[in-house]
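So that we are looking at the same thing, I have put the structure below in structure tokens.
Every chain is named by a letter (A, B, C and D) in the order it is written, and numbering of its residues begins at 1.
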Amino acid sequence: MQLVYFAWVKERIGKSEEEMHLPGDVRTVDELIDHLISINDIYRAALNDKAAIRVAINQTHVGLDHPVTDADEVAFFPPVTGG
Amino acid sequence: MQLVYFAWVKERIGKSEEEMHLPGDVRTVDELIDHLISINDIYRAALNDKAAIRVAINQTHVGLDHPVTDADEVAFFPPVTGG
Amino acid sequence: MASISVQETDFDIAAEIATLKGDRTDMGAIVTFTGTVRDIAGDLQAMTLEHYPGMTEKEIARVAEEAEKRWSLVECRVIHRYGKLLPGDNIVLVITMSAHRHAAFEAADFLMDFLKSRAPFWKLEETNKGGQWVDAKESDADALKRWEQLQ
Amino acid sequence: MASISVQETDFDIAAEIATLKGDRTDMGAIVTFTGTVRDIAGDLQAMTLEHYPGMTEKEIARVAEEAEKRWSLVECRVIHRYGKLLPGDNIVLVITMSAHRHAAFEAADFLMDFLKSRAPFWKLEETNKGGQWVDAKESDADALKRWEQLQ
């Protein structure tokens, strides 16, 4: 699984992307965030406020209940502010 | 009174403007059109269909019941089609 | 204050925007509307726009002033051409600049609806069958009513 | 097919319109929206736009395609810049071309609402107090809902 981060999520995690193995018991975006938060305080500081985080899988916006697999590119970022 | 004509009103009347004395008993735009129609068939052909004619007095859109004086510039034209 | 031009010559959108904007940084949204000569049936040779000099400028200025007040525009520019135009040629340019995009969109939309139904211009279409004055569209009069209901 | 560019360089509205229009005469209405860097408090030094390469283009193309279908646009063009911009600089350009003006206005308005809420861009404002990520606006999410209700 490829994880990518943008804006203040990237700043808090301290990198723009990383490879990570998806644990077998993690099936949804919501569970993936819980898993990341459990790793250490850095992920916790970046992802703990789920209402402030948006997620894309393979470059498409998804909700927290969307399934995730080890072959996915999963992006975490704040609500977008372009235009 | 200065009369000015545009588009097919101008073509039917055969001129773009003319000076005319306003008869004393003509007080409104509606009465002015009736007066012009009574002059000859040229004015009648141009102005008879009042629903198809728009009027401006001193370069401001007005309705048929608007008063008219001998000092006015009165314009007759079809509904506008600019833009 | 809105800037109004009624002219025979063409206009350059980029130059008009640059002039209007200057070095201001208090606007976030610039909307332009350009109306062009459309050849609907494929047989249009030319279109001649007649107008009422004097009244045209007054009527456009009056409507632009109303738009500026209603949407608190930063800048507003209207250019309307007259004379002989060819298919594809520019007819009219409206530029609205505002802090916010919805104000700029609505003001430009409003200005076009009023220009279509209030500005004293008449279009003469020339085809190989001769000249034909364009009829006013019911839909343009209806479009105008939207803004009256909103007031 | 909509034409999409995500680029660091500035754009030239007049050149973009000319390219998009070519020698077509089947459009009567051209609407452009330009979003510029607004210095609201008077202390903005620069704005940096970060984006998600790949997803940005896909997301804009998807929305532009929907706009083209919904309003039967003749042409549609979106340019969105990224990187470091200064107050007054251009950020985004939307061009819609249609036979009729209301379609061109609505489609451009729709595209901007979707770009604001769906295209993966993030603005970092730099003042003498440091860098600050711009918060998403509630009003932009609300603006999006207008189009869902209309469907």
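By our rule, contacts are C-beta pairs under 8 Å (C-beta built on N, C-alpha and C of every residue); 3 or more make two chains touch, one makes a residue touch a chain.
Given the structure is predicted, the values throughout are model-derived calculations rather than measurements.
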Contact-connected components, chain C excluded, all else fixed in place: A, D | B
{"item": "Farthest chain (mean CA position) relative to chain D", "value": "B"}
{"item": "Whole-Å separation of chain centres (CA-atom averages), chain B against chain C", "value": "26"}
{"item": "CA centroid of chain A to CA centroid of chain B, Å", "value": "73"}
{"item": "Cα-centroid distance, chain C relative to chain D, in whole angstrom", "value": "23"}
{"item": "Chain A-chain C separation of Cα centroids, rounded to whole Å", "value": "48"}
{"item": "Numbers and ranges of chain C residues touching at least 2 other chains", "value": "35, 112"}
{"item": "Contacts with two or more other chains, residues of chain B listed in rising order", "value": "none"}
{"item": "Contacting chain pairs - touch in the sense defined above", "value": "A-D, B-C, C-D"}
{"item": "Of all residues in chain D, those that touch chain A in their complex", "value": "35, 49-52, 54-55, 58-59, 80, 91-92, 112, 115-124, 133-137"}
{"item": "Chain B residues within the chain C interface of the complex", "value": "4, 6-8, 56, 59-61, 75, 77-83"}
{"item": "Chain C - residues contacting chain D, complex", "value": "12-15, 17, 21, 23-39, 44, 87-88, 99, 101-102, 104-105, 108-109, 112, 143"}
